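Taking it in order: structure first as structure tokens, then the write-up.
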Amino acid sequence: MGRYFAIRIGRAALTIVLVVTFAFVVLRLSGDPALMILGPEAPPEAIAAFRKAWGLDDPIWFQYLDYFSAIAKGELGRSMRDGRPAIELVLERIPATLALTLPAFFFKVALGVPAGIYAALHRGSGIDRAVMMTAVAGFTVPSFVLALILVLVFAVQLGWLPSGGQDSWRHAILPIATLSLGGAAVLARFTRSAMLEVLGQPYIRTASAKGVPWHKVVTSHALPNAAIPTVTILGFMVGTLIAGAVVVESVFAWPGVGRLLVVAVANRDLAVVQCILLLVAMTMVTSNLVVDFLYGFLDPRLRAKGAHA
Amino acid sequence: MAPLVSIEGLSIAFNDVPVLRGVDLALGRGEALGLVGESGSGKSVTWLAALGLLPRHAKVSGSVRLDGRELLGAPAAELDHVRGGRVAMIFQDPASALNPVLTIRKQLCEALALHRDLQGEAVKAEAKRLLDLVGIPDAARRLSAYPHEFSGGQVQRIMIAMALAGNPDLLIADEPTTALDATIQAQILELLSTIRREMSMAMVLISHDLGVVAENCDRVAVMYAGRIVEQAPSNQLFADPVHPYAQGLIGALPPLDGPRRRLTAIPGTVPDPAHMPSGCAFAPRCALAAEPCGLAAPSLALISDDRTVACIRAEASRRTLLGMAAE
Amino acid sequence: MSAPLVEVSMISRSYSMRSGMFGRATAVHAVDGVSLAIAKGETLGLVGESGSGKSTTGRIVLGLEPPDRGEVRFDGKPMAALGTAAWRTQRARMQMIFQDPLGALDRRLPVATQIREPLDIHGLGTPAEREERVRELLRAVELTPAHGARYPGALSGGQRQRIVLARALATKPDFLVCDEPVSALDVSIQAQVVNLLCDLQAQLGLTLLFISHDLRVVRQISTIVAVMYLGRIVEIGSADDLFARPEHPYTQALVSASPAPGRRSAGRIVLAGDPPNPAARPQGCAFHPRCPRAIARCASEVPALSAVGGNRQVACHLVTGAETRDAA
């Protein structure tokens, strides 16, 4: 068992290192932060001083090592814009983001999973087709289009809800709705196909043949098996709690982590961008780890197979 | 004596394609009936339909009575009581026949809780007794194992234990040994026949393997393209098959000893259920087919006290066979 | 007797496999010291249950897998190294057919194109000659050019296996390895394909290695039959009398387990225990834990395959031991 977890934790750490490295390289090579922050008209002395202050004159591998050793000490650097620690800037935005993504996560699951199960159990019925059509629509329409449509209908046409900002709970409704609908569609499709696959398995027929009433066949035989693939997609959704709302936050001018990221990237505010990426990588990797452990819990076959991994 | 199960005029269609076309079959208490036929002949689907285990879009008509009570269209609660209680069923593929995420104990105890008036510790004790009965070593400990921890033969033993949980009057074994190795197949067949004797349980053994059916059943029904074409006590059927298809199946089986002979292969392939030939479905592949065979499907007719054949050329076919034997 | 076309001497093959959570890697001896000789125009049948190593033996004989030890000689010459030009020339003379014809065919191509493919690859004949050869091959497997125009999905299982056979015959091979070629087919279709294989072998003078778990089919088609258990040959002899008078207790159990119409189950030998596990092979004779007649010596000493009269060879202390006593 220890070996199983050690391998997975090692893999997770490696993933984080790779993500951070990738972000570091891409950002440093794509433009000069001194010029971006101070502007092209800034005097050369100011630019030189800025570079020296931020260590931008050191060789890139030196900056890289420097950055890593700082991270190891828990220092994530300071924003080049206002000099505050990057981690502080990011952390203060997290509650705003979670205010959108947590309720959205709840609605995705509450809508998507039951819809998928119902559709699978009534395959080919009118409701199944309706669920699937809605799901395909929710799946294919990009979230910014959906967001704009919602704004157009509920804010502009009907005037029921505000179109942007963060002043009251009413401002959160449209962003949450946008996030929920897309996610629920993905979950419904996924749950439906997982359920259909399981319902076609011989052990479902075995359960019926031994006289288990149909509702119990569904709850105690089909659902536990269908949960295994569904957990994967749920894990992925947990991973997007922090940074999954970039587009929606931008459209609705919601001051969360996503918007901070967009602004920081535009300004080449390296420390902030890297801090967010590190946070995102850690949430993704952690949720993957949790999914792996859940697998072991849900599927006894994997507990044994882990030995071979 | 009234039969335990009687099936009359059972027909099944999937999306308007008939797969079973009027099957009549009766099964006595404690009797072992074999059903042989190639894939698509309808041997499994007959019993899935009888127990209401087919998908909803299957159209089923006719009648299936258990001790005189009609099963087709019976309320779900009544069917749940019959399934696993009075009639148990085991299937071909041991690898996927048990729920992979539940322990053997859960799956056995579920069946016991449904059909037996047992509580608490008594359920677990009975589950252990059943595993012992079917020859799973170290039963008490193995109860908490999962299906993937057992070999194919052991899973089939567990399936049999689960089938016995409800003390059924009839066990339907659908190709129970097809996926198993020869020596394991022999173990499972031995187990089935011991249990059947001890519990005086009737059995329907569905198999494509004539040898398996011949050795383990009192009576055999041969199916072809959704119908029964011949029915006879098993020793008689194999010594003296009358329907040309039954003859063909036996002739197609290579002998294990004695002189080697060229196999008498039946030409052609099984007809597509969506495009059944008119008249006798076997006529296009039959060496004895004559003009009337294409006109109307022959019905099962008695040729002696306990044998029925659906062939208008049955007499000619018998003569050919006797001629063959005389050679 | 003519010189053997295929000669296998003492081949072994093992894989390493990890078992259990903290398990160490254990060697799985799939094939262990197997020797075989197949004369031109002869069929050697290889029977055994899962884990007996019969398929691995087939792959090694065909050069699809190298043996760890031992040697395979084809037409007097050792097998060329995998992937070399000499190997390709040799390979054109030997072909293989498997249990699942649908898996062996490309669903997106008409089957005639697939029969022609080996001719195109080896550049045999002009395009017109290739077309003619395809028609000839279709006729040889008792199909029509109309079947050739179809896709694999539009053919029955038996017809697909005929197509696979036609393709295997395209390069006029001398040697054919058939691994469970009729196991997935219904009885009546199985008989058609078995008859066809027998006919083609007689017409073309093919040499066959026929691998199957089905004793009846193996006997029908083979001249010599070898029985494998856990990677070793335990008995080998002529097909005509091996199953009629099996000597090795395992062969006896296999024959007894093979159901026969007209015989009731009384007197059947039912072996105890699970199917053999190649990862945990017992000491001594691998069969001894399941053997109803095992003696103390069986648990410690591996019996060698020795001649017991006629062309029969048996690896069993009880059989060869008795033989020695008789001689003494």
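Side notes on the structure shown:
Each chain gets a letter, A, B and C, in the order it is written, and its residues are counted from 1.
The working rule: a residue touches a chain if its C-beta (ideal position, glycine included) is under 8 Å from a C-beta of that chain, and two chains touch if they have at least 3 such contacts.
Not measured: the values here are computed from a predicted model.
Ranked by separation of Cα centres from chain C, the top chain is A.
This structure's chain pair with the greatest number of C-beta contacts is B-C. Taking each chain's centre as the mean of its C-alpha atoms, chain B lies 31 Å from chain C.
The geometric centre of chain A is 54 Å away from that of chain C, both derived from CA atoms. In chain C, no residue touches at least two other chains. Counting partner chains per residue, chain A shows two or more touched chains at residues 304. If you check the complex, the residues on chain B that touch chain A are 51, 53, 57, 76-77, 80-85, 88-89, 91, 93, 96-102, 110-111, 114-115, 146, 148-149, 159, 162-163, 165-166. The touching residues of chain B, counted against chain C in their complex, run 38-39, 151-154, 181-187, 189-190, 193, 208-212, 214-216, 235, 238-239, 248-258, 260, 262-267, 269-270. Those residues of chain C that touch chain B in the complex are listed here as 49-50, 156, 158-159, 186-192, 194-195, 198, 213, 215-217, 219-220, 239-240, 243-244, 253-265, 268-272, 274-275, 290. Across the complex, chain B is touched by residues 124, 201-203, 205-214, 220-221, 224-225, 228, 298-301, 304 of chain A.
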